[in-house]
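Read from first to last, the chains carry the letters A, B, C and D; within each, the first residue is number 1.
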Amino acid sequence: MIRAGIIGSTGYAGGELVRILTRHKDVEIKWFGSRSYIDQKYASVYQNMFQIVDAVCMDDNMDELAGQVDVIFTATPQGLCASLVNEEILSKVKIIDLSADFRIKDVATYENWYGISHKSPQFIEEAVYGLCEINREDVKKARLIANPGCYTTCSILTAYPLAKEGLIDMSTLIIDAKSGTSGAGRGAKVPNLYCEVNENIKAYGVATHRHTPEIEEQLGYASGEEVVLNFTPHLVPMNRGILATEYAKLTREVSYEEVKAVYDKYYADEKFVRVLDKDVCPETKWVEGSNYVDIGFKIDTRTNRIIMMGAIDNLVKGAAGQAVQNMNLAFGLPEDEGLNLVPMFP
Amino acid sequence: MIRAGIIGSTGYAGGELVRILTRHKDVEIKWFGSRSYIDQKYASVYQNMFQIVDAVCMDDNMDELAGQVDVIFTATPQGLCASLVNEEILSKVKIIDLSADFRIKDVATYENWYGISHKSPQFIEEAVYGLCEINREDVKKARLIANPGCYTTCSILTAYPLAKEGLIDMSTLIIDAKSGTSGAGRGAKVPNLYCEVNENIKAYGVATHRHTPEIEEQLGYASGEEVVLNFTPHLVPMNRGILATEYAKLTREVSYEEVKAVYDKYYADEKFVRVLDKDVCPETKWVEGSNYVDIGFKIDTRTNRIIMMGAIDNLVKGAAGQAVQNMNLAFGLPEDEGLNLVPMFP
Amino acid sequence: MIRAGIIGSTGYAGGELVRILTRHKDVEIKWFGSRSYIDQKYASVYQNMFQIVDAVCMDDNMDELAGQVDVIFTATPQGLCASLVNEEILSKVKIIDLSADFRIKDVATYENWYGISHKSPQFIEEAVYGLCEINREDVKKARLIANPGCYTTCSILTAYPLAKEGLIDMSTLIIDAKSGTSGAGRGAKVPNLYCEVNENIKAYGVATHRHTPEIEEQLGYASGEEVVLNFTPHLVPMNRGILATEYAKLTREVSYEEVKAVYDKYYADEKFVRVLDKDVCPETKWVEGSNYVDIGFKIDTRTNRIIMMGAIDNLVKGAAGQAVQNMNLAFGLPEDEGLNLVPMFP
Amino acid sequence: MIRAGIIGSTGYAGGELVRILTRHKDVEIKWFGSRSYIDQKYASVYQNMFQIVDAVCMDDNMDELAGQVDVIFTATPQGLCASLVNEEILSKVKIIDLSADFRIKDVATYENWYGISHKSPQFIEEAVYGLCEINREDVKKARLIANPGCYTTCSILTAYPLAKEGLIDMSTLIIDAKSGTSGAGRGAKVPNLYCEVNENIKAYGVATHRHTPEIEEQLGYASGEEVVLNFTPHLVPMNRGILATEYAKLTREVSYEEVKAVYDKYYADEKFVRVLDKDVCPETKWVEGSNYVDIGFKIDTRTNRIIMMGAIDNLVKGAAGQAVQNMNLAFGLPEDEGLNLVPMFP
């Protein structure tokens, strides 16, 4: 039985970790960390867990925690994990960090986009970027896993095969992404109130969103060239789901079948990536509550562009589900253990 | 391995049966019946099942089906199950009917409220009303199970202990219920369009809704007297969930603790019924996607009334989940097999 | 030109006052009070008013304000208006208070339900309860108008004619109300976040909601007896709208036509009350953005109860629209000036 | 008094025409055409109009209608207006067609994208494309006005000044648009059901949507070159609103101030176009119920692209509001008569 601790268990991503791990047959959650709700029953914060979880919330003491568990998930604000981690902790437990602290290899880039100084740059090199479909072998051996961002997971996996195979001109890549509101977290802020989000759509963080360098770095590895792109997130009145619509010029004339074959080359054996049938567009509802990435595409011969579309549940494949997938890999379990979640419709 | 057939597998309740049974370790779905989509891939109708279900939809041939499976679920319009069932079929398979055909013991009452003549009144007596928490032992032996309605499941279980123990004056019972829109089914009708339901709430079927006699009959059994009550359903802009707010005069002065003890007497050992802590009101979101019934109550000494509140997911405990619970009982499986669904939040 | 000041202009009710008064041909808003946004452009808080309102937000100085305007609207938390008002102010301007401070005639009842001590009990007697359809003549002469609550406006008007005419047994009256989320205000609180409200319905304030005594007092005046009733509010995932479903025993056998005639007696000449056709249930969407109250009813001969239903837009007839209606009356303008708002659909 | 007839008055765009014209001081609606609801009271189809509109729905007889009114609005499926119009009708009344029949100057393009043959190609040349801000003078003299599409209105106005001034490379223009569901009309179809749209976002009509050639034609006129672009619409779970996010390479280095000056050159005097303050992104909620177009932009020096964003209410500026604006121009009324609608928030 793997003993797990969660720091930040009462945010939406933390809550989703609890939902998934509660039904994972090889895991026992030993520590429900939550600064905001110390000593309160976890089920009083998330009433859905009533009679399922009996534990009370505890403080965020990573040193103490490291001696009691096998894996620590940090679902915390930027900077916190980097400020807590040290060699002694890493020698005792594996850490799966759902924040951005160890996702970007270049410290300056991190500090520039996030506006904070990095407290543990010495672990950046070691940290493995936990996009399982791409870095599976490294994840298996990792002590410190940087769980990818929600937008980035969706954006990268949607374009990865074509970037890797050189089918798209990376300098033309534009990612227009749409997210449900749980991505904004559970903090009490006016812009996230029901009446402000409902019946509304807007772009935000235009040309400045922090997931941009993460996408650029990973697609840069894939394509073998430096990538600079436009990424525009939008807030959509729904709880869950991210849809990424991606535009790029094709580098040569290709048929539907060729592109499909490229996607299949990378994803045909991937349990959690579903390349949809011809002319079927992904919809976030079709993956809700599951760890799937659904991908579709359309070649537009008029403009010589390809439009790629990817859909995920931001709290599952975009956060907690992928974190559990990483944990499964890192502990030698079947990759889909606890993740055989069927999307819920309607 | 139990072989199951579903007639009406492409309605919302049918789709939920597929979602649940797909992850039930003792069941294999052999027949995806759907008049509307014969020969089409099931996953093209419910894209969430892509790469999970490979089958194509088949016609509603219950005679043929009866020879191939152990249990048939009918998630069909009123009257269809009664028109198809016969002794030969019942001698071969168990039938779990999600329609209202066998829920009401008095044929005249059925025909009066539903406006159709009953095609198989000879099986009404035998049919077991499949409200597991109340009729568990009968369900275990049944060939023909009448799966309760969504509103009725929620309404009955919320009031049952107090009705049974004589704590409430049944002549004063009023049930004001609110339902998500999936309860209206997947038929293409203007009143169910997004723009008509969204940003709107209304009552409907006031004093005439068909679930009324079903509730009255069952609460009549519980209280030992004839029950005539007001039941008012409302349509709420959300996909899933039913909340029943129930009002009744108390027959004597009681304390919170006494009422709590009565609820616990009936439900403390029930896996799927959660009686919430004092002053906690149930919310439909806390049970979404799960088979739970959440119950809360408040005594109002000013009016000598008790306000009871119950919440379910109408497609799970109100339809498919309860149907699977009935199947588990009827086939001697653990009652919660395949139903350990954690509510999804948010 | 009537000069108006609004204290609390950046809450949702305040914002709606601005929306309506901006198009009122006889009013000019001179003071946009908002403690939270002092010196900020009003249109930066409510971007819908960009290029419509150029003013900046000002502090809540009622003394200063009283010298500059003809009418002050207070859309503020409970207790604030009572703490600011005095004889000098009332000698200069009319005050229309959207809070509860002057709605309840009995100070003890107010202090008991609201949990605060009343700072200006000397003005309670003078204050006119501004339910225009009922207290029209008094409103015309008032200096201090207590604008009714949103739930109360809907609840009272729906039952008023039958209470007044003795057709319903007041001891059996139960009001089950459902409200959109703007009723909870613009404060940043976790329970009002999009992800907490969306796809969810719950009761709250069961047997303890503060609008209860206000409803009881007014319906007591109507029926000529002391009224004690159950009022249960529910939070619905929509921005605007209140639906009240009300249940009561009939005091004698009545026909549809008789009840209709009673409603018509009181409302046939009322511009803002629409008694719907037979068997038509009110829907909140049909009154959205307007000052209408839509009313329908159904007699249930089985239970000898009548089910009355009323729908309003909580921010218009339930707050700002009614406040403007009161202002029109108090200043001798046509009652519907600025209020000829057609409901928006969809 | 202008006498107006509406053919297709019970669709969502037709309903919005009724809402607006009902409060237009110079217009009287004489004919509520609706094939689906002939002889039914209009207010029974749109209950919001109860006690506001007393008329019954009539058949779509344009010949008869032409003799009774001064202007006919056709809010009908593609092809209907073209099949009904003729010289005699045009000699009597002005026609404002909300369908696509006369929007595209090249018949072959129309027939190719819409898949139907054009029944009145002889009037295409004469028809004026009713985008008021661009074709104001022509609209004033027109007999036949092609009211622009919802997506197109938003897409064109957002990019127009930069296209006209040569600031953007038209071959790089990509339009990613998001629409509320009222754009899909009131037809009863499964994909438009509440449960299918709610909690979901998807792209549709990728590379094939019919508004594409309309946008290309108009931006081609503006830029003076042939334009071929990508336009991708998305369905968003909200009733109203379109947001267009547009990407293009800048043709030269420009500052924020320069771009702002270009927008101001074209829109500073336009009542219905609001160019927002620096770094403010348009949100559909801020224009809901109004005739405004809100525009914002961001220059991304990293990619040398500009991201332009425009928001409208698809039923107002995207349909009925613009139609009334066209009518006002064509009849010599103040352009904003009846259109001083303040956006509703929340």
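Definition applied: a contact is a pair of C-beta atoms (placed from the backbone, for glycine too) under 8 Å apart; a residue touches a chain by one contact, two chains touch by 3 or more.
Going by UniProt, the chains are A, B, C, D = N-acetyl-gamma-glutamyl-phosphate reductase.
Remember, predicted model here, so these are calculated numbers, not experimental data.
Student: Please give the intersection of the contact partners of chain A with those of chain C.
Tutor: B, D
Student: For the chain pairs A-D and B-D, which is connected through the larger number of C-beta pairs in contact?
Tutor: Contact tally favours A-D.
Student: Could you put a whole-Å number on the gap between the CA centroids of chain A and chain B?
Tutor: 36
Student: Nearest whole angstrom, what separates the Cα centre of chain A from the Cα centre of chain D?
Tutor: Comparing mean C-alpha positions, chain D is 38 Å from chain A.
Student: Between chain B and chain D, what distance separates the C-alpha centroids? Give it in angstrom.
Tutor: For chain B versus chain D, the centre distance works out to 46 Å.
Student: Name the residues of chain A that each touch 2 or more other chains.
Tutor: Only 12, 182, 195-196, 198-199, 237-240, 283, 285, 288, 346 qualify.
Student: Could you please specify the touching residues of chain B with respect to chain A in the complex?
Tutor: It comes out as residues 12, 15, 19, 22-23, 44, 46-52, 182, 199, 239-240, 274, 276-277, 280, 283, 285-290, 294, 340, 342-346.
Student: Within the complex, which stretch of chain D touches chain B?
Tutor: Residue positions touching the partner: 12, 181-182, 186, 188-190, 192-199, 237-239.
Student: Flag every residue of chain C that touches chain B in the complex, lowest number first.
Tutor: 172, 174, 176, 178, 180, 195-196, 198-204, 206-207, 228-230, 232, 234, 236-241, 243, 245, 247, 281-285, 288, 298-300, 302-303, 305, 307, 309, 311, 346
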